[in-house]
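For reference, chains read A, B, C, D and E in written order, and residue numbers begin at 1 within each chain.
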Amino acid sequence: MKPILKVENLTTSFQGEEGRVTAVRNLSFELHKGETLAVVGESGCGKSVTALSILNLIPNPPGKIDNGCIWFEDRDLTRLRKRDMRKVRGNQIAMIFQEPMTSLNPVFTVGRQVMDSLIIHQNMTKKKAHAAAVSLLTSVGIPEPELTVDRYPHQLSGGMRQRAMIAMALACRPDILIADEPTTALDVTIQAQILNLLRNLHDEMNMSILLITHDMGVVAQLADHVLVMYAGEAVEYRKSKELFKSPHHPYTEGLLKSIPSLTEDHLVLYNIPGSVPPIHAEIEGCRFADRCSYAQPYCREHKPELEGDRESKVRCHFALNVT
Amino acid sequence: MNPLLEVKQLKVHFPVRLKSQFRPAYVRAVDGIDFTIYKGETFGLVGESGCGKTTTGKAIVKLVEPSAGRIFYDGKDIARPMKRAERKELARNVQFIFQDPFSSLDPRLTVGKIVEEPLIIHGLGDAEERRKTVAKLLTDVGLSADRAQSFPHEFSGGQRQRIGVARALALNPSLIVCDEPVSALDVSVQAQILNLMKTLQDSYNLSYLFISHNLAVVKHLCDRIAVMYLGKIVELAGKQSLFEKPSHPYAEALLAAIPLPDPEALMHDEPLEGDMPSPIKPPPGCPFHTRCKYAFARCRIDEPQLLPLDGDADHLVACHLCHPDTGTIHKIKK
Amino acid sequence: MKKAISMLICLLLFLSVVTIQVQAEDATYRDTIVFGQSSEQNSFDPAVNSSNNVVLPNVYTSLIAIDENNQLIPGLATEWSVAEDQVTWTFKLREGVKFHSGKAFDADDCVATFTRLMDTSLGLRQSSNYVWIEEVYAEDPLTFVLVSKEPYGAVEGTMSHKSAGIVNAELVESAGTELGTTPETIDGTGPYKVVEINPGDNVKFEAFDDYYGGAPLTKYIEFLLIPDQAARAIAIETGQIDIVTGLAPDDVERMNTDDGDGVEIVMNESNGIHLFQFNVASTNADSAMSKPEVRQAISYAINRDEICEALYSPLGELPARSLLSPSVIGYVDMGVIEQDYDKAKELLAQAGYADGLDISIMTTAIYNKGVEMAEIIVEQLKGAGINATLEVVERAVFIESLEGLTPEEYNEKYGWDMFIMGAGGDIDAHQSTYRVFHTADTGTNENNYGFYSNADVDKLLEDAAANVDPESRVEMYKEAMQILIYDDPIGVTMNQRNNVYGLSENVENFLLNAGNTIDWKVLQIRED
Amino acid sequence: MTFQAVWKRFKRRKTSLIALFILLFIFAVALVGPFFTKYEPTEMALKNKYAPVSLDNPLGTDQLGRDTLTRLIYGSRVSLSIAFAGVLSGCFVGVLLGVLAGYFGSWVDSLISRLIDVLLAFPGLLLAIAIVAILGNGVLNTMIAVAIFCVPSMARIVRGIVISLKNQEFVQACQVMGASTGRILFRHVLTNAMSMIIVTVTLDLGSSILTASALSFLGLGVMPPNPEWGAMLNAGKEVMRSYPLGVLAPGLAITIVVISFSLVGDGLRDALDPRLKNLKIGESQ
Amino acid sequence: MLKYALKRILQTIPMLIVLSMVVFGMVRLIPGDPVKIMMGIDVASDSYEIEKERLGLNGTIVEQYVRWVERLFDGDMGTSIFTKKPVLQEIGNRFKPTLILAVGGTVLSSIIGIMFGLLAAIRHNRFTDHFLMVTSLIFVSTPSFFSALILILIFSLQLRWLPSIGLGSWKAAILPIVTLGLTAVGSLTRTTRSSMLDVVHQDYIRTARARGVPERTIVFRDAFRNALIPVLTSIGLRFGSLLAGATLVETVFSISGLGRFLVDGVGNRDYPVVQGTVLVMAISFVLVNLIVDLLYSAVDPRIKYS
């Protein structure tokens, strides 16, 4: 099956005070129709930059896509003219962000922002778009949609705002929804509501979701496949169920083990020693070697590649749990 | 066991000036809570944002003035206004660890100076002694002592939080209020800090008041846990008891809402609906009735009291469902 | 390129001027003349107005007028005489004169005018000029009689003064203190009537067709207030106004030499001089100023020619040759003191200041080049070993300092040894001298600004005032001047001032007398 | 942050660097220039008035034959000392008020904030004119006017910073440690507010020079023969057609100094704390 | 909305009261006896008491203040010492020119400043940006009395295009308004630019981009509307500076406005005039800022409802 989105060798960098900083290195992955792919990793690993790179939303300057292709419907999004890119954004590929408060324009009504994509991409009249907005708001579970449509973002609660964001993203029934930490800013109970909503919408609309998150719990709840990133690189790509059961990369393993468990008791939590290498550090061997309890001298000298089959890839010389 | 800290009917109300009103309204951030922390234990305070957990913690170290109620530390009331000497005395016993490892350290001081500062304030030791103490503290929290001359911005988030811990330990307190100390950290670093805190608890003979929104973290660290909702404690129990038998519908829903890192254990229950009401105008009766799927008529008018569950004095719940026949209908204030 | 454009513009302007010149053969005249003024009229009540003499005679006329040759000519009175007793003056009034309001002019108006001026309790600013009047009455509607307390030499001069402008007797009744504040409360017999007053901005006049001297030739006159000297110069040069006063010497020089600017300079000798007066009562440096030698020394240390050359030459102003202007009745040429440092030093040594002297000088910008003049004086005094410090004050401070202070108050509050002053005054020497040079009865500086007191001067001024014989009066004033300037100096005379006007070259019939009064009736401006 | 780090960042903005050198040059001239001038500021050569630009008179002479360059140099002393003395004392009071209001809150804040509001209700120059109206003119009173002119905006800025700093966790940490108010204010709050204060002072210096020269131009500030730049401009205005340099020289001097202060202020802001933005300049006009 | 407006208006009342107290106190701050100062040169000493009562200076400070305010409400601001006319009437005569200047200057500077600021923000860090920022810096740093003289020399004297005095015609208004307006361009350019730069880095602009909104629409609709809020504040503050700054322009252009009246009042020690003018100017400034506040709610919905 042909992937709906194919990222090849994506490298994105930023101009910082101390020189250029590569946030994403040589990243490749595929997203298939109807699939939910989670990109996980800790802060600074490049997952959000990946999401923004796909829609070419990297602020330039200081950011820039240095290399790589992003294939969508046989077109390379990195080479699209601005006008054509605009037609993709919000129409075929939509995106929701982490902070529903700051991601909505405070001076326009929710309805107007929902209608925006409809008017731009589907040439709807204002009246039709308004009606469509109301039904969209209904479909994301906003109570009193007829009233809410004319309200301003600050008049809504955090959960409602995120629902409105989702309504906005889904307005044109996109093929791909990129959700960048969609629940991080929300309380647990609200997060549960949104996760539930996303799952239902996904089932209903059969779209592909690229889920960016740091929360393994969220990944487990939504994702079919998981791409684990560490320090700008993909280190493991697996089916969700397999990954949680038997992580191949020592980092993934560490990540999973350091989460305090609700179901079991530990006296001491497992932890990955040290911290992520500075983003501008050039490391010869494996970027995780310094923190890896399995690391051998070999690891520090030889850079591992992301290897494996279509369903399972890992970037480690001594991958775990590989039979 | 000796009670170290007793909080009795603590209320903290903040005036807020709404643009549309002349008279200030009050945010009832903390609205009458009771709990006790015993020596050597870790007491958890959980709840969602705006439930009043941080305010409670700040009231204990006098960063906010309580509007009503008492707080006893070692039998002495510390909620009343204090002279500076008393304040310093309290500071030596109760310390605080902040949530944000970035803003909690003065960016213009070296790490050594930051950790040394409490010692200077309290006049402990001469310069040489202080230097040694600082070195020991830094080592204890897992930092190299020779980094004392570095500035905070040269450290990672986890390391900064270690510095914050070192500063809190400098005065050798008995109780440390930890306000979401790991919520700004990545999972791998979070685990490091949690382990560190556990280690230090033993070596420094500490008690913790651990404030967090993360139930898993609380469960890992705490002995007893209070669940807060809208400025009130709705359930207070030992860790085992609470997680095995969450009795308040809110605690139950909170627990159910946590996505487990296990694809096999998908959430099936319908999530809790709606949002937390505004603490400026809390609903009458049970604060949770607006979202509670079990709510019945009484819940809307009568506020449930925090009472032992099934006679278990260590497991308190404030819910009419759990205490169908207790209490009288309280008059509702207009 | 830029230069080329401005050249082109200049050429176009020149061409347009030429074409206008051609058209001007059978001239048409504009109905409005705009007059740029440096200061505002403080009132349109003749008894209060202390501003310049340009505006008020436009509205009010007096019993006696002055022509452009400075001769007294009939005004509202056609003839006048003094009786044998030397105190009773009879004025025959002109027939058929009308006020702007239409009311006919008669002797009652004269009575009302002077009765008001004589009443010191009203606090009218000009009253002090009329204290010599015993009584006034109307003999018949066209005969007005004025009796002075004693023989008084300056009656005719006073009667020609703008403050003696005749006001409507009915209006004196009805308007009271409001007189002269609005167009409705202004009613005179002059060639123009006030139609609009915009304080701080402009005053508009309309021709009074029933003026007894004949209808004025120009319909409207607008007095525009332009306080800034440079702005006035630019305004006349760019044709925004037609006539301007109070030009800076530099601008005058340029307008005189630069022919293409369309501005003509008209000047005549005014009856004013600048001087730096001494504070004789100063307590500085052992009361040095009380010693005539010191004052003489200062006077000799100053080079008046140099100052006039540097500051006033474009205005044609020369060192003053008396404390009076040549146009004043009673003027005598007293010569000019030449700078003589040796003499100055000698005089200082005599007074006991061989080692030098520290004094303070006050000046203010309200006098044309007053600040610069003082700055030069400070430099010149250095040559005689006198070290002067300069204090430049605002107009208000200057006026406040003359508010009738005792010497003690003055020295404590200000302590200046020398200060700038205007003098030379009015048409008659008496008015210009007695009030300001005679020992003050009150002992304050209300009129005698420098606390000057000299018994000989007092005697001479008193005698001259009571004398109606012109010849002997002149002699007395000459003697007084000798003392005031040379022997016991009251101050350092500086320059004889000129009235200087900038006129658009289209202005015709601009006639001016030394009192700075313009003959408004005939003034005209050609259409361009 | 060390001086080296600030300097390194400051150097990056070339315009600010140039402006800094211009200012340093002008300070140097004001400081030692009078020892090198050929003339006294009041020395006249009446025969030599309106002298053109020459070696003897690099900026020509004015209507009294005084050397304009000499007067400009002496004038820089007057203008700069008014600006510095005025701004520094005004800002000192402003910082004090701002810290008190921001840190102590409640009625202290209400009182000071109302005071600031009222002072701010008088637009800059109006306030200065009103003060001179009460005090009278002269160098000292102009300084006082400039000082009071600086108080409200500084107080408001500092109050804002202090409030935001007060809510910073590191300040709260000090409170928890039992630190005295003085220690918190001086060691933590003021040091952290210092970069903003320095930037504000720099920008205020520029606007104060404008305000002081405006007062002098109106004849309400410094009076001649004191060669303050605004007063020189006022005096030069009368003869500007005969001697344009009499207006141009002080006018450009004011403009250049004000621009330089602005640029240095901008540079300092970027160097000291890149997060600070939107400071206003040229309040006085 | 109306309710909000009403409330804002009510909120300015305490401000105005304190303001009036300060202005009232001004005369009391003058060294010496204000009655003597006010009586001026030619009032006899026996009328001192009468004058004192007429000026409302008898009784305690509080009584005096109350009486002063009462008279203010009757439109009595006292009588000018110099012109002997009611101060309010004199101010009335001179208010219009100053208002024309200040409003004209505000409009002009707002148009130019916002245009410059937008352009500079769009071309951030490019030549246009640097050029515009330097230009506006020069505008704001040049004393208005200096630029006024230069403009007069060029446009009135050299080119003879525009009048150099008064405010009689629209042509005469050009130079003064331009002079005054230019002084405010700088700060408005800066505010607009930095506000725009601030806004374009906001998340909701990224959201709009992610929706495929054309860049032009993003700049002029999504970003500008938000960026306008601090700009409005700035315009309000600028109006105040222009009101006071008009003083300088009025002096150079010989315009009979409030500012020159004030300066003349100071020069003449005409304290009723100074008091009245300062009060009127400050109140106008407060009122304009009130209007700006009310305009906010039209731009920013957060204010209207919260």
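For this structure, a couple of remarks:
Methods note: contacts are C-beta pairs under 8 Å (C-beta built on N, C-alpha and C of every residue); 3 or more make two chains touch, one makes a residue touch a chain.
Since the structure is predicted, the reported quantities are computational estimates derived from the model, not experimental observations.
Touching subunit A and subunit C together: E.
Distance between Cα centroids is largest for the pairing of subunit B with C. Per-chain CA centroids place subunit D at a distance of 22 Å from subunit E.
Subunit B and subunit D, compared by their mean Cα positions, are separated by 49 Å.
Averaged Cα coordinates give subunit C a centre that lies 44 Å from the centre of subunit D.
Subunit B and subunit C, compared by their mean Cα positions, are separated by 88 Å. Counting partner chains per residue, subunit C has residues 228, 230, 394 touching two or more of them. The residues of subunit A never reach two or more other chains; the list is empty.
Multi-chain contact residues of subunit D (touching two or more other chains): 219-220, 237, 240-241.
Touching subunit E in their complex are the following residues of subunit A: 52, 55, 57, 59, 61, 82, 86-91, 94-95, 97, 99, 102-109, 113, 116-117, 120-121, 152, 154-155, 165, 168. Those residues of subunit E that touch subunit C in the complex are listed here as 41-44, 82-85, 90, 93-94, 149, 152, 156-160, 163-166, 251-254, 256, 260-261, 264, 267-270. Against subunit A, in their complex, subunit E makes its touches with residues 125, 201-215, 222, 225-226, 299-302, 305-306. Listing the residues of subunit D that touch subunit B in their complex gives 1, 168-170, 172-180, 183, 188, 191-192. Residue ranges of subunit A in contact with subunit B, taken from their complex: 42-43, 157-160, 187-193, 195-196, 214-221, 223, 240-241, 244, 254-256, 258-263, 265-273, 275-276.
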